[in-house]
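Both of the next two complexes hold subunit A, though its partner changes from subunit B to subunit C.
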Partner chain A sequence: MIVKSIRETVAGMWSLLVGMKVTSKNFIQPNITVHYPRQSVKSLEGYRGHIELVPNEDDPFKSKCIACNSCVRICPSACISLKASKPKKAAAKEGAADGAEDKKAPAKKAKPELLSFVLDYNYCCLCGLCVQSCPSGALRYSSDVYLAGFSRQEFVIDLLARLQYQAQKKGAANG
Partner chain B sequence: MNLDLRLDTSGDFYAQKFQPTKRDDTLILNMGPQHPSTHGVLRILLEIDGEYIVRAEPVLGYIHRMHEKMAEVMSYPQYLPNPARTDYLHALAWGWAHVGAVERIMGIEVPERAEYIRVITCELNRINSHLLWWGAYLLDLGAFTPIMYSFDDREIIMDIMQRITGSRLTYCYYRFGGVSDDIDDRFVNETREQCARMKERFKMYKDLVTDNFILRKRVEEIGEISVQTCRKYGATGPVLRGSGQAYDVRRAEPYSVYDRFDFNIPAYDTCDAMGRYMVRMDEMQESIKIIEQALDSLPQGDFIHPKAPKRAKPPAGDVYFAVEGARGKIGMHLVSDGGKSAYRLKLRAPGFSNLSLFAEVSQGTLISDAVSILGSLDLVIPEIDR
Partner chain C sequence: MIEPILILQMIEAIPIQLMIIFAGLLATVSFIGLNAILLVYLERKVAGFIHRRPGPYEVGPHGILQPFADGLKLVGKQIFTPTGADSFLYWLAPMISMAPALVCFLVIPFGPHLQIFNTNVGMVLILAFTGINVLALCIAGWTSQNKYSLLGAARDISQSVAYEIPLLLSILPIIFMTGTFNLFDIAMKQGSWPWQWFIVYQPLAFIIFFICALAETNRAPFDLPEAESELTAGFHTEYSGMGFALFFLSEYAYMVIAACVTAVLFLGGFHGPGVSGWWWFLAKVYILLLIMIWIRWTFPRVRFDQLLNICWKWLIPLAVINLLVTLLVIAL
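After this line comes the complex of A and B, so read on.
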């Protein structure tokens, strides 16, 4: 009985020493954590921030969006809302003003124009279904990581304004 | 209305229901809903005699979010992100149960490459889940350092998964008929590297924790659950396998391509917390074996079926699909009336069954042992409440 308990104690002490060896081995290894406010991680590849509009190739101030509403319909959280001009009305107006080009114009004029695209990021669940459902590839993920705010209103994001701001900034940098 | 009930300030509804007792020398104690060892908002009512538990009763519902009702309101693709929110630790298995049920009822074929990608990502996720359990369980038992090592490994796996799935925890990766994104060579190489690294780490974990005699004193012969008790409450997963029955959905009713891989179902018949601990430690190594085999035989092809429906609209009928999650058997019973959303979707959460046996098992144990038993069940409360 005594022999057994002594043996058990010795084996237990030995297991502690083995554990201590692991700890001391790791103690002399370099630091692997990142001290966030002073340092930040290098790569955020694949990070899905909130969605943003992709600019048109010809006009960076305009979006590729064709206002088909498929992202609005698929969104599980119903956090996307977009407004677009009605195509028929616009066609009729321009047709009345310029009668000569009536024939070739309708196909072009049938496109509704995007007026506003608002994302309520408070409710977004970052599933990415909107990006995948978009037929024209007008949505992509932004890489905004360090988002913080004081009110909910700050996260109701007007994506069209954001696109125009980005285009302006880019234009200023280029020119 | 019973006015006496309103005037009685000795606790809320559950506490009052729990109160009546024959003994007058016991104390009613609330463990939770905010308690570090319950990992969320689980509340356990305990009747204690000194340090010993006379009765215990879990109180649920603090994080009920109507996931089943949401399935009846949302269309099928809209529900895709939801299963991941039930069990945030093994999100992909829940997602798999959902897409699997819809695929089965609609008869959608899944390309072979997609099946392999699903197996690889699901097993990576399982390792992640077990690693977090390992760290958190030891934290409950008073060992702080191990969670740092486990999070070190978890971060690497999450970085690998983030590039492919876009998320780190609540993945929404599987789609009806495949997955949302293809994997590339970099993913394959990084996964291989991580598998090799993990094998070394498991040796370190064994030296640091598993062989440690302080841990063994806390888990050996604590919380013995017989196979009969497991069957009575429908416990599955590592809880059942820790009681000696090698039941695993991946082997018992193979779904996807699991029947092509060579892996063991670890089972320990010690029935105690150590048995459940060892099952999970071994399972991580088995998962690595599966991942390596899947990477070796990864076929080329589509990652999603080209004719996969964008707007799923299954025919009327009902279907059941079960997968093996990190906590046990995840089942989804889908009843469709041919509409855009499910008529009814029943989620079978393994954690619910595993928790149910706690009331019986904890009787007569010390409070500190009850913490050990609770931890060894690996509870995820959002999954239990749904």
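After this line comes the complex of A and C, so read on.
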């Protein structure tokens, strides 16, 4: 009994020394943080910021979104709202351009076009259900860490406009 | 208009001992202030480096002006007394906490010729005056009208009462070996080289004394009276501005006292290889303080039952055995 408790105590004391060795090792090693305003981290990969639209492979100005509204319905904070052009109109236009044969089956070809995709980030709880539920993979997390604003309105973001702005910027940078 | 000669005569009429004590107190105050500034910076830097971050960096080059910024902030804060608090006792507590710390420095031999007040009861004086701090924390906790403060005070009292016993028992072997309570004589009984220091003869007493010193100064891992995660800030939860600053200062002052006493009792005081002097003393004190800081940022806080178990089940029996063995050896 006594021997056991003495042994336990000695082992405990030893573990204290091990702990002090660990901290002293870390003490000598270089910092792993950066001096933020003057430096910033190289990669923000894996950071789950607010959601953003994934650009279409063919046209970077357009989203992959099919305007199915599943993200709007699943959002627990009800902070997503999107507007899309009515499929009939789009189909009619398409039909008019293609010819008379497609007029018989307008519903199949009908593709609603996204007009706006508004995220009210003030209420977003970052659960990521919209990303999971999107059937076309049109949503992903942005790596936008440096968010700050003076009014609530600044966090009501039209993601489609943001996508187009980014595509434009990218195009300008490339061209 | 008083003539200058008269003033000189008046100054001459003051006993020289009183003058020395007065000057010494002034020096002590500045020493405590300087130490606090240095220790605040050291503590935060060491914490930073152990966490592998830079620590204070923005105020001044490498953040060396950070303690001054902290101090200014504390001075500028509103002095606030909580409703229902006994404001006299409430503001008396930080002063009671600080004042004994000043006295303790009077008897510490910093160097062969650098001791303000050489007395035969130096060790007893330090033990007695550091004990007053418990009263200050008790008053602070009691008058704050706050459950956290009260719990912190209750913890502090039981902790201090428990840990004073092994503290005394670990000092006694040294006292019996040297036959004096005079800190200067105790330092003089030790030689220049590390193997002539009392830590070699009394390693167990040294360890017990150091652990008890940590507990008495409310340092982590024994910082239960001010456990941040449980009691907000413990006994000084309600204190703002200079009230808090005084508690803070006195805590660092008691840390320095503990390190000084450890250096005198076990590490040869101002003796050291080569030329002995205050530089050796300060070096030892700062190494001990660094170890204290290192311990704080390594170990988690102990639970209250663990705290008392360490004391009653291990430290007191070991200290008693150590004392008896020492007495036997001395008697033979």
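Throughout what follows, the second predicted complex is superposed on the first by the 113 of 175 C-alpha atoms of A that agree within 3 Å, B and C clash if a C-alpha of one lies under 4 Å from a C-alpha of the other, contacts with A are read in each partner's own complex, and residues count from 1 in each chain.
Please note the rule applied: contacts are C-beta pairs under 8 Å (C-beta built on N, C-alpha and C of every residue); 3 or more make two chains touch, one makes a residue touch a chain.
Given the structure is predicted, the values throughout are model-derived calculations rather than measurements.
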item	value
Which of subunit B and subunit C A:Tyr141 touches, first, second, both or neither	first
Subunit B versus subunit C as contact partner of A:Leu16, first or second or both or neither	both
Touched partner set for A:Arg48, first subunit B, second subunit C, both or neither	first
Contact breadth on subunit A, by residue count: subunit C or subunit B	B
Partner chain(s) touched by A:Pro76 [first = subunit B, second = subunit C, both, neither]	first
Touched partner set for A:Ser24, first subunit B, second subunit C, both or neither	second
First, second, both or neither for A:Leu129, with subunit B first and subunit C second	first
First (subunit B), second (subunit C), both or neither touched by A:Ile32	both
Overlapping contact positions on subunit A, where the subunit C interface meets the subunit B interface	16, 19, 22-23, 26, 32
In the complex with subunit A, residue positions of subunit C that touch it	46, 49-54, 57, 294-295, 297-299, 314
Of all residues in subunit A, those that touch subunit B in their complex	8, 11-12, 15-16, 18-19, 21-23, 26, 32, 45-48, 74-76, 125-129, 132-133, 141
Sites on subunit B touched by subunit A in the complex	74-75, 77-82, 85, 145, 149, 152, 162-167, 170, 172, 180, 204, 207-209, 211-214, 310
Complex contact set, residues of subunit A against subunit C	9, 16, 19-20, 22-24, 26-27, 29-33, 35
